[in-house]
Each structure stands twice: as structure tokens, then as C-alpha cells.
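Across the two complexes that follow, chain A remains constant while its partner is chain B and subsequently chain C.
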Partner chain A sequence: MALELILFSFFALIAILCALGVVFHRNPVHCALLLVGVLLSLSGLFILLNAQFIAALQVIVYAGAIMVLFLFVLMLLNFRGESSVLSPGAAKGFGFLFSLLVMVELLWTALSPNGGEGGGMPPVAALPADFGSPAAIGRILYTTWLYPFEITSILLLVAVIGAVVLAKRKFA
Partner chain B sequence: MDLALIIEATIKVLIVLGFTLMGVPLIVWMERKVLGHMQDRIGPERVGPFGLLQTIADGIKLFMKEDILPSQVDKAVYFLAPAISVITALVAMTVIPWGDTMSLFGRTIALRITDVNVAVLFLLGTTSMGVYGIVLGGWAANSKYPLLGGLRSSAQMISYELAQGISIVPIIMMTGSLSLAEIGRAQEKMWFIVPQFFGFLIYLICAVAETNRAPFDLAEAESELVAGFHTEYSSMKFALYFVSEYANMMVVSGVAITCFLGAWFGPVLPGPVWFLLKLAFFLFFYVWLRGTFPRLRYDQLMSFGWKVLLPASLLNMAITAVVMVMRG
Partner chain C sequence: MHPLAVPLVAYQILAAILFTIGVVGVLVRRSALIIFMSIELMLNAVNLSLVAFSRLHGSMDGHIFVFFVMAVAAAEVAIGLAILVAIFRKKETANVDDVHLLKG
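On to the complex of A and B.
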């Protein structure tokens, strides 16, 4: 138990520090790298929650594939001055408002006696032995959550076709 | 956590780390010697018997050299990049089994550092993190050839990672497990190269591309990019990239052995010896390829990965699934 607590604090601390770095750092490439740090420590937290499969996917998909593409764009564009749709004041205002909302929601969930509406997480010991294993997740995806799963895959297919169409147009 | 368990784990980590890091100079020596003979030369022969100490001497030379820090580099990232390369390569080593179990001092010891139940995904994760070492190294040096080399090799690694991952999927379907130890154990009767020969071919090609080795070594195509992403690196930082390249070769070979070539199984000799023999064969194969194949052009390489290997691996997966269903 103590080990779990130490590991949790370790990953949580790194996640928070990296997240602060993402927001406050000036250099966009450094920001992207710190975001990779956040994603990696989140994957550590997933492992502590018995979700090894999700943890591995987090590293492969987010930290490994998506962030590399982010880095590509940042490196090739070589930002000098940042331009944004909103004025700096308005952006700060919106940011403050939304983060306040998220914080209220999180505090609400954390402080309510049975962990919010869903009754909170069951203790880890009460979970079935294969919880979070790839086999268990696959079974759930193809039975209970079949429709959401298929709809998501159609969405991804549309995105793939869209990307190909957009990329092709240049040469037409 | 009892003390014996901690000692056992420490010893195993030291053995794997020692084999990997000591193996690198040996492989480099083997590569230079074999390439030498393939090109009708003798290769290194002056330092030590058969030139065996040549790479040690080169290593010491790299240690002693001035560590040049180019002006205008992004220091933090410049220092971090080679470290990422080596760390990811060594971390990937932890899940590769080199034998089944043995009893020693009344304990049953599993011959692997750890057996994660998502080992295959863990490996894919570490290799995808390894891309950062290259792309960041190319960017941080703040120079055009490294940047181009870094982008090239990371695009190449990401493309071939897909086909590589999918070529292992039929193995996972046949064993029903993502644990490398389980996959290895399932091959006692028959090596998976027999039912999955095409999968093995696809994996092999991807593994060579994944480690940026000839004929897929476009990242460091001397004739066009100086030395690719590590052009601006010198001394020990260059040596770290060097070590990570060879350690990565050992990792992908280890996975190929575990998934296709019957892991540690073989007649007469004990498991770890067989594993090492198969590993040595694979590393020789790498050098053999380098000695005989010309380098591909970059666009040929990318279209080969996306238009041939990826569809082929998907087809292989689909056929395996159909055959498995039909056989019940």
C-alpha cells in the first residue's frame, strides 16, 4: 500500500510539473516534450489503476504517434511570434473560466461522500482478476459497447478518407 | 518483497545489461571483420588477437575526444536526445525472455527480467518512444542535414512500425497471449516460422528498416546527408547513438527469435545458449544484408512500406483469422 502511494505521488507530481511547464514554457518544442512527459506519467497512473492495456495504448498512440506528428509540425514551421484568434486578454479570460469550471467539477467529485453520481470507483480488490487485461477489454468492446465501438470506427474511417482527399488535392 | 527476490532481479538486470553493453563492441568487431572479408579485405587485425580489441580501442578514443558543443544548439534537448535513444533500447530488453525456468538454490528462477502480460505492447511502446531520440537529436543540433536526417528516419520508423506490429498480430491470435514468455513457450512443438512464414518475412524487412540499417539507412546516407541526425554529435554522445543502434538491433532480433524462431527451444543445448546462437545468426544476417544490398531511394522506401508491406501484413492477418475460424 505504501509503495502504491509513493508511486502515485511520484507520477502525479511529475504530471503536474510537466503540465505547468507545458503552459508556461516559451519554446513550443519544449512544450510538446513536456506534454509527452505528462502523457507518460499518466500512463504510469493507469498502471496503478490496474489498466495495463490502456497504459500501453497511451504510450503507443498518444506519446508515440500523435506527439511525434506535433513535433514534426512545430519543427518544420519554426514559430517566431505566436498568433491567435483571440486577443491575449480574451484568451486568458476564457482559459480562466474553463479551468475554474473543471476545478469545481473535480472538487465536487472528490469531496462528495460516495465519489459523485456513479458511486465512485470500487476498491481495486473487488475487481475481477482479469480487469483491464486486453482480453477483458476486447470482450466488453464487442459485446456491451459494440455500437459505440462501431460508430467510433466509422468516424475514424471518415477522418482517414478526409485526410487522403485533402492531401491529394494539391496535385490535382 | 523479500530480499532474495530483490537480489534475483538485480542479478538478472546486471546480466542483461552486461550482455547488451559488452555485446555491442563484439558486434561492431564482427561487422567490420565480416564486411572486410566480403569486400576482399582482412578487416581490423592490429589491435589484439584477430583485431578483437579494435572496438575497445575505438571506444576509449571516443571517450577521450573533445566533446564539441555546436553554437546555437538547444542544450537541454541536445543532451537529452542520445540518452532517450539508449534508455528506450535498454528498457525494451527487459521483457525479452532468453530461457524458460531453472532451479537454483531451491528457487525457481524465470530466465527473463520480467514477464509483463502486455509485453508485446510494451515493446511497441518503447520503440515508438525511441523515435524521439532521433527526431530530437536532429532538431536540437540546429543544422539542416541533421534536421532532414532526423525527419527522414522518424518518418521511416513510424511507417514501418505499423507493418511490424501487425505482422506479430497473427502470432498473438494463435497463442492468445501478449506475453512474450507465453509466446515463446507455445513453440515447443513447432516454430511459428512454419505457419507464419510471410509474417516472418514482413517482420524481418520491417526490423531492418526500424533500426535504420542498410539497405534502409537513409537517415545517414553519407552521400546526401553527411551523417544524418547525428552529424553534430561528437565524443560520448555520438557513442551513445552508436550503442543504441546496436542495442536496438539486438532487441528486434530478440523479438524475432521469440515470436518466430522458436524462442529458446532447440535440441541438446540449454535454452539460453540456443537463444544466444540465434541472436548471433540474426546479427550476422544484418551485416550480410549491409554487405550485399545497395541503398534504396527515400520515396521507394516509403511507398514500399505503405503500399506493399502494410497491405501484405493486413492480408496475412486476415488469412490467419479465416484459417483459424475454419479449423475451429
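On to the complex of A and C.
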């Protein structure tokens, strides 16, 4: 039981530090690599929450495919180093103020003892034996959620066509 | 019921912190690419929250939701980066303050 707590603290610390690095680091390539750190530590947290399939998906889809896309565009476009990383003057101050308000609101919602109309969180449910396994997720994905799943395939097809059309040299 | 070693509210607090860092990135950074990365950060914070609630209820519907969020994020990044490449070819910049084509 103590091991779980140590692992949670470890992954949470890595995630927060890497996330701060993504936002405040000057070099975009370093930002992308730090984002990989966030994604991998979140994958560890998913395993702690008995979501093995989602953890694998996180590594393959996010840390694999999406981050390769980011790094590819980074190296394709040859960004000059920004002279100043942050927005100037009032925009920066307003941004930090607004973020602080968002944080206060989210933490207040998470910590309020009687949040929501149900009166606090229900007790933690006992898990079925195959909770989070690919077989169990595949079963409900292809029965209950079949239509959203098929619509997702159309969405991805449209995204592929749109990306090709937008990035074609003649269009730009 | 058996308690968890790490209370689920800890996961919610972590998700809230990561989401806030993402909001800071979107609001204060000027490079469009970093703004995209911050959006990914926010999506992942929400994913963590969904998986934690999924564990709380012992139902896998949250996992399915995360699956769809990942699919939408992949589509969003593909389109967004394509737009970024198009803008960069035209204006030689990825700075969101310099993209004001519609301004009179």
C-alpha cells in the first residue's frame, strides 16, 4: 500500500515539474521532450488506477504518434528563438490572474466536502476482475459505444484529408 | 468498501494543477506550437480526472471517454499543425501576435 503512495508522489512530482518546463522553457524542442515526460508519468498514474489499456494507449498514441508529429513540425519549420517567451505587459498579468482563478475554482470543487448534489463522493467501488483490460474495453467499445467509435473513424479520415490539403504547397 | 492507498481526491488535485499549468501556457506564451502543447497538457489533465472517476465508480465508461479524447486530440493536432505550417510558409512566423490578417 505504501508503494502505491510512493509511486503516486513520484509520478505526480515528475508530471508537475515537466509541465512547468513545457510552459516556461525557452527552447521549443526541450518543451516537446518535457511534454513526453508529462505523458509518460501520466501513463504510470493510469496503471496505478487499474487502467492498463489506457496507459498503453497513452504511450503509443500520445508519446509515440502525436509527439513525433510535434517534433516533425518543429524541425521542418526551423523556429527562431523567441526574443521574449511570454506575452508583453498586460496580457501576461491578465493571463496569470485568470489562471489563478481557474486553479482556485478547480481546487475548491475538488476539495469541497459536499460537492455536487449527491453529497460528496460515493464509496470506492469493488472492481471486476478484468477491469481496464483490452478485452473488457473492446467488448463495451464494440457494443455500447459502437456508433461513436465508427464516427471517430470518419473524424480521423477527415483530419487526414484536411491536413494534406492544408499543408500542400500550392494552397500556402 | 476497501479504501485506496492514494485517495482519489489526490488525483483530482493533480489534474487541477496540470490543467492550470496548461491554461497558463495558452494564455501567456506567444508561440503557436507551445500553445498546442499546452492544450495537450489540459486534455491530459482531464483524461487523468476521467480515469480516476472511472476507478471510483468501477465502470469503464471513463476509459472509453479517454479513448475518444485521444482520437479527437490526434485529429486536432494534425489539423492544427497543418494550419501552423501553412501560416509559417506565408508569414515566416509562428507567433500568434503577428497573425492578424483579419484586422482592418
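Following the convention adopted for this analysis, the second predicted complex is superposed on the first by the 121 of 172 C-alpha atoms of A that agree within 3 Å, B and C clash if a C-alpha of one lies under 4 Å from a C-alpha of the other, contacts with A are read in each partner's own complex, and residues count from 1 in each chain.
The criterion applied here is as follows: a residue touches a chain if its C-beta (ideal position, glycine included) is under 8 Å from a C-beta of that chain, and two chains touch if they have at least 3 such contacts.
Given the structure is predicted, the values throughout are model-derived calculations rather than measurements.
Asker: Which holds for A:Ile154: it touches chain B only (first), chain C only (second), both, or neither?
Answerer: A:Ile154 sits against neither chain B nor chain C.
Asker: Figure out whether A:Val29 sits in contact with chain B (first) or chain C (second), or with both, or with neither.
Answerer: It touches chain B, and chain C stays clear.
Asker: In the superposed arrangement, does A:Ala110 touch chain B (first), chain C (second), both or neither?
Answerer: second
Asker: Name the chain, either chain B or chain C, that contacts more residues of chain A.
Answerer: The partner that reaches more residues of chain A in the superposed model: C.
Asker: Looking at A:Lys92, would you say it contacts chain B, chain C, both, or neither? Reply first, second, both or neither.
Answerer: second
Asker: Thinking of the overlay built on chain A, is A:Leu57 touched by chain B (first), by chain C (second), by both, or by neither?
Answerer: In the superposition, A:Leu57 touches chain B and chain C alike.
Asker: First (chain B), second (chain C), both or neither: which does A:Ala65 touch?
Answerer: Both chain B and chain C are touched by A:Ala65.
Asker: Once the shared chain is lined up, is A:Met75 touching chain B (first), chain C (second), both, or neither of them?
Answerer: Touch status of A:Met75: first partner only.
Asker: Who does A:Pro134 touch here: chain B (first), chain C (second), both, or neither?
Answerer: So A:Pro134 only meets chain B here.
Asker: Identify the residues of chain A that lie in both the chain B contact region and the chain C contact region.
Answerer: 53, 57, 65, 76.
Asker: Quick check on the complex: what are the chain A residues that touch chain B?
Answerer: 27, 29-30, 33, 36, 52-53, 56-57, 59-60, 63-65, 68, 71-72, 75-76, 133-135
Asker: Across the complex, what residues on chain A touch chain C?
Answerer: Touching chain C from chain A are residues 1-2, 4-5, 8, 12, 15-16, 19-20, 22-23, 28, 31-32, 35, 38-39, 42, 45-46, 48-51, 53-54, 57-58, 61-62, 65-66, 69-70, 73-74, 76-77, 79, 82, 84-87, 91-92, 94-96, 98-99, 102-103, 106-107, 110-111, 121-128, 131-132, 136-137, 140-141, 144-145, 148, 152, 155-156, 158-160, 162-164, 166-167, 169, 171-172.
Asker: Considering only the defined contacts, which chain B positions touch chain A in the complex?
Answerer: 74, 76-77, 116-118, 121-122, 124-125, 128-129, 131-132, 135-136, 139, 147, 151, 154, 158, 176, 178
Asker: Give every residue of chain C touching chain A within the complex, in rising order.
Answerer: So the residues of chain C in touch with chain A come to 1-6, 8-14, 16-25, 27-31, 33-34, 36-38, 40-41, 44, 47-48, 51-52, 54-61, 63-64, 66-68, 70-79, 81-86, 88-90, 94-95, 97.
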